[in-house]
Each structure stands twice: as structure tokens, then as C-alpha cells.
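Please go over the structures that come below.
Presented sequentially are two complexes of chain A, the first with chain B as partner and the second with chain C.
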Partner chain A sequence: MTFSRLLATLTVLLGTLLAPAYAQTADAELTQLVDALAPGSFKDREAAIAALVATGDTRVVPLLQTLAEGDLYASEADGKVVFITGSGATLGLVDPVTLAELGEAPKADLEKVKVNNSLRRVIRTAIGQLTLLSDDPRIRRSAAQSILHDADPANLELLEGSIAAETDPQIRQIMETARAVIILQTDATLEDKQAALPLVAAIGGRDALTLLTGALTNSPDELKPSIQASIDGLARDRAVWDAAQNVWYGISLGSVLLLAAIGLAITFGVMGVINMAHGEMVMLGAYTTYMVQETIRQSAPQLFDYSLAIALPLAFLVTALIGIAIERGVIRWLYGRALETLLATWGISLILQQSVRSIFGPTNRQVGNPSWMTGSFELGGLSITWSRLWIVVFAMVVFIALLLVLKRTALGLQMRAVTQNRRMASAMGIRTPFVDAMTFGLGSGVAGLAGVALSQIDNVSPNLGQGYIIDSFMVVVFGGVGNLWGTLVGALTLGIANKFLEPYAGAVLGKILILVLIILFIQRRPRGLFALKGRSVEA
Partner chain B sequence: MLTQALFRALDKKAIWLVAILIAVAILVPASNLLLPNGHPLRLPNYAVPLFGKYLTFAMLALALDLVWGYCGILSLGHGAFFAIGGYGMGMYLMRQIGDRGVYANPVLPDFMVFLNWKELPWYWHGFDNFWFAMLMVMLVPALLAFVFGFLAFRSRVTGVYLSIITQAMTYALLLAFFRNDMGFGGNNGLTDFKEILGAPISADTTRAALFAASAIALALAVLVCSMVVNSKLGKVMVAVRDAESRARFLGYRVEYVKLFAFVVSAIIAGIAGALYVPQVGIINPGEFEPANSIEVVIWTAVGGRGTIIGPIIGAIMVNVGKSYFTGAFPEFWLFALGALFVITTLFLPKGIVGLIGQYRTLTTKREQHDRSAPSPADVEAGADPQPKAAE
Partner chain C sequence: MRSVNRMIAGLGIGAMTMGAVTVPALAQDETIKIGVLHSLSGTMAISETTLKDTMLFLIDEQNKKGGVLGKQLEAVVVDPASDWPLFAEKARELIAVNDVVAVFGGWTSSSRKAVLPVFEELNSILFYPVQYEGEESQRNVFYTGAAPNQQAIPAVDYLMENEGVERWVLAGTDYVYPQTTNKILDQYLKDKGVAAEDIMINYTPFGHSDWQTIVTDIRNFGSAGKKTAVVSTINGDANVPFYKELANQGIKAEDIPVVAFSVGEEELAGFDTTPLVGHLAAWNYFQSVDTPENAAFIEAWQTFMGNPDKVTNDPMEAHVIGFNLWVQAVEKAGSTDTDAVLDAIIGLETPNLSGGVATMLPNHHITKPVLIGEIQADGQFEVVSESDLVPGDAWSDFLPESKLIEADWTAPISCGNYNTETKSCGGSIAVAAQ
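This part shows the complex of A and B:
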């Protein structure tokens, strides 16, 4: 822990805790108790912690936290316990009680106050005891939650005292739940346990299930049926939530597939061209994001949260221009020779991959998540990460935008015309080569957008695109070409099917099953789910 | 009847090719084994298995050419048949290790002992017998090709769609063979071979023999392919390639023709894989990589598809280039390979062999009006479901 972070914690704690007229021990006395932490065995240290807790002094809390993190040091010469600042061979020393600076000492003269896991547990409980009676509701709440998490019977008495004193109903509820959890573990009376049962069951989810299953063995026989009933009810809820969670994972995977495949679907639909370099366009989009973030880190760090917003148009432009260049330079000479286009674009993909590897190196590049994309939240029994949620939203936005482009713009009209009947469209005065170039640019640009999104959840390396290309093909082939809805349905179906197969068959076998199913599906519908109906007959 | 077919197959070019391959099969081992060390014409020891590997690649390219160059089926999964053949040979070689493995188990290969398996899975039985293993090397790819092809061709999956699902096939196999539960050594594959038919596998004589076997197998493959393409069936194959619907409307069972070509091709690829494994000493799931299969396509395309000799020249040239570049300029190889893909498709649609043909027609154009048979690149434009772009 760096000193600045420590200081921040301290100011928060001290600012809120020092004000009340709460037991304040004299500095000298406290220092003596603190120094007792350093010598002796873990057992002695445990006793020293108990003595510190007994003072009830709030300054003990940051001290114990530092100790638990293994950042508390003792001077080898006189055994004085200190906080340290800085790093390297020489460290700054800070008095843990008065927070006065004590000068510097070489690292070799300091010894870490060692902690082990059982000691860490002791410290956690000790901090809980110190904070349960704090005046700050936030501190009390987190303390109650930590006690609920550990469920140490030793805390029961303490908990009961604090429940009586608690004024905030929400915090009191947490405390009561914690008490109920503890009661179920101990040999309390049957009535107490019966009263505790609904409270524990109300925690819900996997936690309650584990607690109750644990309680089932050491409960009196009279209680067992009602515990079992609660367990069954919880397990049913869990199954429903698990299914919902799987659907969510499936949607999340499906939206990633949709992003990766939708550009491919456009070029394939309009031009009948399989663009094997599509995955590399995704990769270039991700590297554009990396470049944008690097620039921001160096010149304007305060803009970091907007880095994705800046990267999106840039990635679109970069990949769209490269796409148009590829179309004008290579693909337009190969129209009508779909299989050869496939080979040529594969060659281009190798060149792009190796270029990126030569410029940026073969290792993964660090692309950060902006603050609004980090973390997760709970929705009922679902745990949803923000980055996944934003990618689902983003995929839908891209999908709708493309739909609008195809249905509402002149270019979209021309693209659809060329898809349906190239010769007739040409005869009606549509410049098909221009439409082709624009389509390829649009498809590549969308791949670039996908790259920006995927940079948030995947490793940005030269092989990024390779991982998606086969899956995208499957989506396009499954959904059928020339119809964006087909791609949407295909991507979501494959995503959800994949996630539902995973728990039963394992990730790899699930994927194999999906591939086999698609191969079989193609036998039934050789042109995909939403085949284009028209007069385009094979030669 | 067979002799008749053979005679027809042995047109002048094929005779020359077979003769050259047999000469190579004799001369290369002889130069390695008989000439003294330091002789200018002596082939160094490392080169024999290397060249042998090129020959198996040439065989794989030839197999692909049979379906792509002659029948218009662009398979992006031919590496799968090659790898399955390789695994067949690998299983035989694993069983030959016997109790000389690390765990000294007389029956179970090391990786099974390591995974705590108690007995041999059923599909490993019989692979201690060389002839059974060789039969499987041909049968299993043939069966896979038959089932896959039967399903795909019957429902008229063609063109790009077919290419993509062949790619999906090899990708699914790649994932499957990576799993330890499959019983094929998982990630590490099969390796540490000791001997083949009683001969130590890394001895110079064994390697020379394997080289000779590869050359002769390639010669046989050339014979078979040229027999097929010069037969009436071969003509129908070309018809299917050039205008599938028209061939169907004329009454040919297009799907059976394709199925035949696909299965024969898979068998040749399987044999190539079986010859490849003892020469490189390992087979692992990496051989199933879709990228490998696509590389085979470029060997065929560079040499010239729709010819017998083209894929052989292409495979050997590209792989010699690869060996050189990955050693001398490792960064540069992918650029070169990528450029090869682009340049070949743009400027050499008929490959190197076609280039010679192009040059010849250029010089003799005036006297002799173009009477040569249509080549795939000329006609594919018309055969493709996608109408040609407005020129």
C-alpha cells in the first residue's frame, strides 16, 4: 500500500471517527501496545491485537488494516513498529500512532511484521468489532457485512450489543441476518434457530444455499425438514437465475459475434465476396483504440474516459479506408471468381497480421477500460459486468444504424438493388463498382467498430482477428446472406446455444457440437436461415 | 480394361513425371547412403527427411488439385484428411514403442498412463499391426470424406459455402483433437517414436527408405490422378467444374461424381499424412489448423491447378521458399506468403505451369488459333453463381 492511499484511508477514517468523545487512549500507552505487535510468535501477535482492540481506539483500525496487508514494519534495532513510505533501498518512517514523520531508514534495517491467514481472519474480526460501534453508518454497514461474511460465533455477543444500539433499520437488518447465520451454526435453542431460519433464507442465492446446507448437518432433527424446504426453494430460484444468467451470457456472446459478423454479412451479401481479411479489420480497429489511448495517456490523461468515443470514428475511418483500398487494389479484378477472392483476401490478412506484428510486436497490448465500463452490478440473481452490457448495447446500436443505412439512404437502396440483381441494377444506371467499393468500405468500417468494442474484453494482439473469423463465418452461413436480420438471429442463436451447451458438454465440446450442428444445418438449408429469395439462379 | 485405362492415363507428360519420381526415389537415397561424407554430390543427412516432407506435401497438393482443379470443389479442410492419416500412422508408431516409453507400460502409450487410463480405448486396438494401421490411414479419411461429401453434395452446398463448412470441419476436428479425453495425446499429440517395421526411425537407412516410399507413393498418386482425369469420369468432373447445373441437366449424377473425387482425394491426402509423420517425428492437433489447409490451396494455385504436375511443382517451390525464409528472414515469410496469395490470384490464375502455356500460346497464336482445352480460370467466371460484375 502506498503512503498516499494510506493517508487517504486515514483521513477518511480519522475525520469521521475522531470527533466523538469515544475512548481515546493516551499516545504513549497506545504506542506501547502497538510495539507489542512486532516480537514473538503469531500467537503473541494475536494477543497483542486483542489488547489493541480492547482499547477501542479508532486509530487502531488503519493500523490493523496495514498489518493485514503486510505493510507494517518494525525497526530491527529497537523493535518500534512503523508505517513506511516510498520504495527502494531507503524508506521513510511514520509513527503509526501520532502519524509524525520519523525520518528515514535503510530497508535492510526494517523487518516486516509477519501475518498469516489465521491472523488475517483475527484482524478482520477485530476491525469489525472496532467499527461496528462507529458513528459513521457507512463504516458500521461495511463492518456488519464483513461479520456476516465471516460468521464467526465469537462475534455473537458483540453483534447483539450493536443490534440493540443500531438506529439505522437497514444496517440493523444486516446485523440481524449476521446474527441469524451465527445462531444457525451454534447450539442455540430450537426456537432461536427457527426464528433465524427465514432470515438466513432471505439472503438468497448461492450464499444462503451454502449456509443452509452447512447448517443441515448440525441442526436438531425437528428443524431439518424446514431447512430442507428452504434449501429446495432456494435451489429452484437458483436454477431459474442460472438459466437467466446463461441467457445473458449467451446474449453477450451473441452480440460479440454479431459485431464481428455483421460487416462480413454485408460484403458477402452484396458482393458474394468472402473477405478472409475481415478478422484483421477487427484487429486494426482494436489497435486504433490502443493508439488513441496511448496518445491520450501521454498528452491528455483527463480525457481517458472519452477515449472510446474518440476511437470509434477513427477506427471506422481507418478500417473503411483500408477496406476501400483493398477493394480497389485487389478485389475488383477478381469479381465473379469468389473462390479466388477468398484466397487473395487470405493473403491480405497474412500481410496485415505480419505488419501489425512487425510494428507493434507480437505481445498483447494494454487497452484500458474507461471508468464507466469497469465493475459490475447485481440485478436480482444476475451479475452483469458493465463492459459486457455496453457491448450488447453497442452491438444493437450498430445493428440499428446499419439497418437504417440500408433502408433509408440512397447508398443503401443501391446496395440492396445490387444484392438482388446486379445486372439489372447496372442497367438502371447504378454505378456498381462504386457501390462495391462503398459496401466493402462500410463492411470493413463496421469491423473496425467491432474492434473498438472487442478491445475492451479481449487481448489486443495480432491474432485477435483470427479468433473471430471462423465464428463470424458460421454466423453468416447460418443466418443467410443479404439479410441483416438473419445475421442478428444467427449470432444470438449461436451465442445462446453455445452458452447453454457449455455447462453440460464443456466449453470445447460445446463449440464442436455447434460446429457439427451448423454443418448439418447447412444440409437442410444450403443458403442459410434467411435465404434471399429472388431470381438469381445458379449458372 | 484396366490396362487400357492405364495406357490412356500414361500420356507423355505423366510418363515423364512418373519416371522422374522413380529416378528421384532411387538417386536421392543412393546419394545419401552410398557416397562418402564430403562428396560434392552427397545429400546431407538432414536434407533427406526434409525433401521427403516436401514430397508428402506435394502429394497433399495433388489430392487437393483433384477436387479443386478438376472438380471445382475448393476444400479448405484438406489438412484434416492429411492429419487423420498422420494420426493413423502415429498410432501405429506409438504402439511400436512398447515398454520403451517413460512409464514402461507394454500396452498403453505414455500419455494414457499419465492420464491414469487403465486400458486401451477401443479405437486403438489393432494399430499394433502395420497393415491394419495402413488400411485405417486410407479408410478413415475416406469414410469422413464420404459422409461429409454425401451430406454436402446431396443438398447442393456449393462454392463459398462449401469452402466454409470444410473449414468448419477441420476447425471442429482441431478442437476435438486438442482434448485429452479424445485419447490422441491432446495438445502434445503423438511423438517420441522409436521404430517403424522394426527399423529405428531416425536411422539414415530408414529415412532414405521413407523418402523412397514417399517418392513412389507420389508416383502412384500421379498415376491414379492422371488415370482418373483422363477417363470419361474425368471429363464429367471437368464438366461439373465448368458448369455444374448444365452437367446435371444433361443427366449426370453430379453429386456422385463429386463424391468420388472427394473420397479419392481424401485417401491420397491420408496416405500423404501417414508418410509425413515418421519423417518429421511428430503429429499434433496443429496439423488441423484451418490456416494449414488454406496454405495447401496456395501450393496448388501457385503451381497451376487443373494440371497434374502443377501442384507438385507448387508445393515443392513454396515449401523450399518457406524453409529458406523462416530460417533467413522469419519476419518476412508471412509477407511473402501473403503476397504470393495476392499475386497468384491476380496475375497467375493458371499458376506457373499455366505461365508456360500462356507464353507458348502467345508465340504460336498467329499460326494456330486457340484450340486448347478450357482451363478452370477461363471458365470459372461463367460457372460462378454470382453474376460477373459490370465491366
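This part shows the complex of A and C:
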């Protein structure tokens, strides 16, 4: 053992001694190898990359990185491979070996050196190999991670060397794990494999499952039971986490439903107006976000991360004003005539959809995620995406704010008074038409807020609202008309139920089952989960 | 009195003969009408509006060249509003009321199926420009989009050979095109020796927006130690949230590539593709195809639309091919008469935009190259594989029920579903043939 370690150290020492010699690869020779990247098929390019890596020259690393990003070009005339600078029709050229400027060329004369997925994998491993002995611990760490990710047996020797030389315990651990993964794949001795097994199992989660399942087939029979035991253990953990994950997905879907439905809980739940144009308010909120982002992109790109914060009040104002206009213009003539209201608002929804289609075009508009809403993080065995997490938080904030408005403000008091007994409220000096308009405006404005959030996870197209209108009515009716808490509980219940049915029944059947359950539920309790009691029911 | 009557009658006959003489003279100035049947409102407007503009562009170009048979062409545009029964109604209106000689239109299979009986009954011509599930060949319809053997199967072959994929997720929207395509792929993969437990089939409703569970399922399915890929027949609007979820959950193309059959330049215009670089799409045309024909087409199209950022896509190329073939057929037949055009068009050739030749085959499908493209950060596709010309096969050879069936609309068979074993024409469509 000590001898082999000594040997490894020696190899590394030799390697470091030899490295400068390698790095001196003559410019001309390297240029020739670099130019070999351009012609031929992907297979030829793979061979060319291998030849480049074999030089061990440090200048190869930035070259490969550029290639992987698809930014490496070759001149169409003589096939010379170049880096480019600038953008537009004319680009500056830089020699990839000497980094000397080579003048300019029109973009049409340059051809991109193409990469595909398998080449990207090859490049990732190659960069890992080349940088595993780098001086910078961060580069070493990412190199070790990419070696671990690819687990190519050809890297075993390289790994042995770098493990011995590694001083940072964390990076060494990654390297040792990578070695263990590779050992499980190769035909190493039983003892080595047995030693490797706990290291691989320690990776945990889905990754360890993948690796162990893969290793199961080509392991010696003696080892199979212990691998199987590790797999079973991991799978049990997974099952628990999967259930937790489902709950999270349910909450996340529930919060989307809550956002979409909560505005309706006011216009339909509190005022009793069947507002089919509610979905279009959501859509207009999303388009407001698009407009804000477009303006920011053109005039102040550095503000992009704040675009949603800017869009929120604007979306609220825009949709609230449109809502008030609809109430004053159409709905107030139709109070107490449910069917006419339904048809009129349906018409309004079609008008709004087609207007947006005429103004913005029928195709999706691009609404970007700010950096704080992209990607995901792991919480134990849960993987949580930032966008969903923020939407859950946002839904709760909107819910609480709305509750406070209804319970703690004068306007909220008047709203409740008008809906409970319009004539009495009027006799007490409340301007009921004004309160009606404000209530409808509030409901529409909240729908606009929902649009800002939904623009982050869904299409921004004229059809955006249609997808949510049925779900919104379902939530409000299920939760109990006229009760915000009912909407909250209804949305979360439907979200979680949907997500627990989906893995077993599939998305299509799951949705059907939910509808059937709601029908049955409404048969038993026609007023929903939280029915209002007393005189207000008849109002 | 009698003579007066006779005189009047004579005048009438004279007027009639004169009328008969003047009719052709008038017709010289008349236009040839072409129907454009694409949804301009409703769910499918997102995809179909561009195709309407494409037809207007093509007709405009042709008129600049002097029209067809010395007459100018005139587009009659109707809006079937993404409503399948309305497609049939509008098709009838185009043929019976507006007297169009050919119709270019449709996108979803449901819309095509809805108009088939109308075209058969009124004996007119439809050019259908979108990739579809096959298992159909109708006398009055020309399928200028891809049949499954021109898109789905080559894409799966590419993944097997170049990415070494052994485990497959077939994910699609729950309707006829994905279901038939997945049925064909399922059979094809099993014939290739893929075990049943290495294939996962998943359907979602139209416009599905919450992909969290399904993307997690895909990740779990992909962690069985074998290289996994997703074959996506997810349609329309549902794609954006699907790709957003893939990006957010960090599924990279290098680990689990997704190859899509319904995602083109137009669909990608809606979002930032940086996290999706390397995911694939299989089409017969990409805007990024590097040929002089394509460059000229894109320039002319962007000038016509007055927008230098306007993208082009595969169904547009299908309309270009279909329209050029129709023009050629009319010139060859010397008339716009349906039967004459149906006869003349078989075997005609026109250059496609990717440097090859599209030939109209006797089964009313065309030859196409299969291109596999990887999504780039700028929302375009980089072609990573291009096949030779593949003739479209109306009836899949991988489904037991359609293995023996061929379509051939030339004499002596003249049948859309000819059984090569029993040597008989299987359906009632044959009766409609000459």
C-alpha cells in the first residue's frame, strides 16, 4: 500500500516536472492540431480533441471551453480555427494559440465549429483531465466533479496520482468517490470493490442509485448481495423523499391555483358575479410583465433582476383599471342576471384575447426569469426549484394582504357590508356603486398580480387565461363561495390531491378523477367546504 | 304579337350566344382562386398564422412572375378559429361559394380529419403541410409534411447510434398524433431489442402546465444506470412550461437529451434557450440550413413581412414545396381542373430549401431529408445530422395492422389503402377513385 502510494507520488512528481516540457509544444505544431478541429465529422473532431489533450498544453483548456460553448469558428477560405471578438456582421479574429490579433472578417466567411452532446461530454472530461492538477483549488474541484460525473475508467491512473497529491480534504473526497465509482465499473479485485461500495453509496440519492444499479450487472457474485442491500436502502430513502416531494409539488400547484382563483374569490365569491373574463385579467398581468421586461431590456438591462418588482404594481393598476371599466361599462347593468353576466363576460374575454393577439401577435412572448428565480436547490432528498418556491411565498403574501384588506380597512368593511345587505348598507350612507367598482377592481387587480407570477412558469400567450379559468371556478366552488379561507384550503387540497393521483393515474386520468371527486363532493355539500351561514347566504 | 315574341326570343338567344362568347374573354381577366384554411384565432393561431402569411407571400411571388396559365392568383383567406367542425364548414365555403381550385391549410390531425369528407365530396385538392401520424392516404389530399418514417424513426436511430441511448421515455399530448407515433415507436424499439421495462409512455392533457411530477418521473426513470432519452410529441403551448421545468430541475441535454417533433423555431421564440442547449428536434427543414436557396427564401420572406427577425420553420417549407408542385402540375395539365391536376402532379419534382429535391410520390407524400438539430443559445437549431432523401410512407411498416398496406393513386391500383397480400383495395375511398 505504502509502496504504491510512493509510486503514485513519484508519478505526480514526474508529471509536474514533465508538464512544463509538454506546455512548450511548438506553436506551429499546436496550430496544426487546432486546425484539425474544423473539418470532417463529429467522430473526426473527437479524435482531434484527443490529440490536443495528449499534448497536455495548458493553452488547450480555454480552447476547449470555447469549443464547448459553441464560440469557436473556422475561416471558410483556409479552414483556420479562430477565436472571435465582438458581435455583428464583422467580427474580430484572434489566434487561439498565440492569442495574436488576426484582423477582422465578415461573419459570412466564418463557419462555426459544431459540437453535439457527445462531443460536449468528451470536452468536459478532457477539461477535467487537464485541470485536475491545477493550482487553483476551485478549478481542481470542478475538474474532480466532472471526472466523477463521467467516471471513465481511462482516468483511473490520473485520479490515483492526483488523490495522492491533493491537500484539500473535500476535493480529495470527491476524487476518492470518483475512484470508487470507476473501480466498481472495472474488473478490479473483490477487496477493492468492497472498499469502494460504501463510498459510492455515500453519494446518496438518485445519483448513487443510478451508479449502483449500473454496477450491479458487472459485479462478481459475492458482491451482488451487498450492492443490492445498498440499493434497497437507498430506494427506501427515496420512497420517503418522493412522498415528501409530492407534498411539495402539491403545495406548489396549490399555490398556483390559489393565485389564479383568489381574484375570482372576490369577484365571484364576494360579489356573486360570474366573471368569465377573469382568466384574461391574469393574461393581461402577464403581458404587463412582458412590456416591463421589454422596456428594461432596451433601456436599462442592469435592472432586469428587479423587473418583477416593477411589474407587480403596474400589473395591479392596469388590470384593476380594466376591471373597473368592465364593471362600470357592462356588469353593473346586469346585477342579479347571472346568465346574462356570464355571456357578457365571456364575450369580453374573447374580445380581450383577440385584441392582445392583434397587438402582440399570436406567438408566445418571452418573459425571462430573474437570476434569483432560476435553477433549483436540494433540501435533503427534496429538489426545490426557486421559481416555484417564490411563487408559493408570493401566493401566501397575496392571500394575507387580501385578508387584511377585507378585515382591517374601511373599504373592506364597506365591501362586506354591501355584499351582505346592499340596501341596508346604502341606507347607512355607503356609496354602493363606488364599492362595487372598487371590489371588482380589487379582484381584477389581484388576477393581474397572479399573471406576473404565472408568466414565470407558463406561456405568455393570448391563451394563457383560458387554462386557468375552469380551475379557478373549481377552487372557489369547492372551497365555498364567499370565503377566502375556503379558497386557500380548496386550492391546496386540490393541488396535493392532484399530485398524489398523478403518479398512479397519469396526468390525464388524474385530472378526470379530481373532477369526479369534486362533483361527488358538491352533491354532498352544495355550498363547498366552508359554507357561509346566516342571512348573508341569501344576499 | 307572335313575331314580336319571336323577335324577343331571338334577341334573347342572340344575347345568350354573345354572352357565351364573352364569358371566356371575361375569364381572361379573372383570377385563379386559392383557399387558405388556417386558424387565425384560438389555440392554434400561435402556429397557423405564420402559414397564412406564407401562403400570401408565395402567391404574391408567383403573381410577380406572371401568375399561373397567364392568370393572376388570388388568395381567399378564411379563419376556422381552431374549431374542428368549423374547419369543415369553412372548407365547404371555400370550395362551393368561393370556387377555389385548391386549398392550403390545416395543422392538427383533428382539423385534417374534419375536412377530409368535404374534399372528397366536392372533389377539390388540399395541401396539408404538417408532420402527422401517417396511416392515411386520401385521393384529394397531398401530405407535404413528414410521415413518421421521415421524422420519428430517424430521430430514434440517431439517438441510438450517436448517443447510445438504451432507455426511452415517450412523452406526448393525449391525442391522435402522439398516440399513433408512440405506438409505432414502441413497436420499432421493441423490434430493435429494447425491453418493455426500458420504455416509459406518458400522456398529458392539452395545454398541461404543471410538469413538476413528470419531469421528476423522467429523472427517476433515467437513474437506472442506462443512458436515457425523451422522445417528445408534446404539442403547442405545453412545450414552454415543460422546457422551463427541465431547465429549472437542471436536466442537461448531455445527461438526458430530449428530442422533440413539434418544437420549431416559432415555439422557441417564446423563451430563453440557454439552459436547453443540446436538446434536439427532428424536422425536415431548419431556418439555419446553410444553402443558397434557403438564404434567398429567408431574405424574401423577411422583406415581405417587413420584419428582419421573422423566423421560418418546417411547415412553411412544406407549403413552399406544396405550392410549387401545384403550380407545376397546373402548368403541365394546362388547367386547374381537380382530376387533371391530380394526374399531373404525381412524379413532379421541385427543389426543397435544404439542397435536395422533393418528389410527389404516388401515395401523395413527398421525399424529404431528415435533419436532426440541436437547440442553440440563440433559439436556432444547429444541424448535427442530415439523411439522404427519404420517401414518405403513408402506412407504417412497423405496425402489424398496416404492414401490408400501401397507397398508390396511379393506375392501375388507384387506392389509398391497398392490401398487397390480398391484392385488394381495403376501404371505401377506392370507390371514389376514377
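Some notes on this structure:
Here is the rule we go by: the second predicted complex is superposed on the first by the 413 of 539 C-alpha atoms of A that agree within 3 Å, B and C clash if a C-alpha of one lies under 4 Å from a C-alpha of the other, contacts with A are read in each partner's own complex, and residues count from 1 in each chain.
By definition in this document, contacts are C-beta pairs under 8 Å (C-beta built on N, C-alpha and C of every residue); 3 or more make two chains touch, one makes a residue touch a chain.
Because the structure is predicted, anything quoted here is derived from the model rather than measured.
In the overlay built on the shared chain, the residue A:I310 is in contact with neither chain B nor chain C. Judged by the touch definition given at the top, the superposed model places A:R422 against chain B, while chain C stays out of reach. Contacts of A:L211 after superposition: chain C is touched, whereas chain B is not reached. Once the two complexes are overlaid on the shared chain, A:L517 sits clear of chain B and of chain C alike. In the superposition on chain A, A:K112 makes contact with chain C only, not with chain B. Once the two complexes are laid over each other on the shared chain, residue contacts for A:V508 go to chain B and to chain C alike. Of the two partner chains, chain B and chain C are each touched by A:Q354. Touching of chain A by both chain B and chain C, each in its own complex, is seen for residues 353-354, 357, 466, 508, 511.
Those residues of chain A whose C-beta lies close enough to touch chain B in the complex are 268, 271-272, 274, 330, 332-344, 346-351, 353-355, 357-358, 422-423, 426, 432-433, 436, 466, 470, 473-474, 477, 508-509, 511-512, 515-516, 518-520, 522-524, 526-527, 536-539. Those residues of chain B that touch chain A in the complex are listed here as 74, 148, 151-152, 154-161, 163-165, 167-169, 171-172, 175-176, 178-179, 243-246, 290-291, 294, 297-298, 301, 331, 334-335, 337-342, 344-346, 349, 377, 380-390. On the side of chain A, the complex with chain C involves touching residues 42, 70, 112, 114, 116-118, 120-121, 124, 206-207, 209-216, 238, 242, 245-246, 249, 252-253, 256, 353-354, 357, 361-369, 374-376, 383, 385-388, 457-463, 466-467, 499, 502-503, 506-508, 511. Taken in their complex, chain C has these residues touching chain A: 40-43, 45-46, 49, 162-163, 174, 202-205, 207-210, 212-214, 216-217, 219-220, 222-226, 237, 240-241, 244-245, 247-250, 253-254, 257, 266-267, 269-272, 275, 277-278, 374, 376-377, 382, 384.
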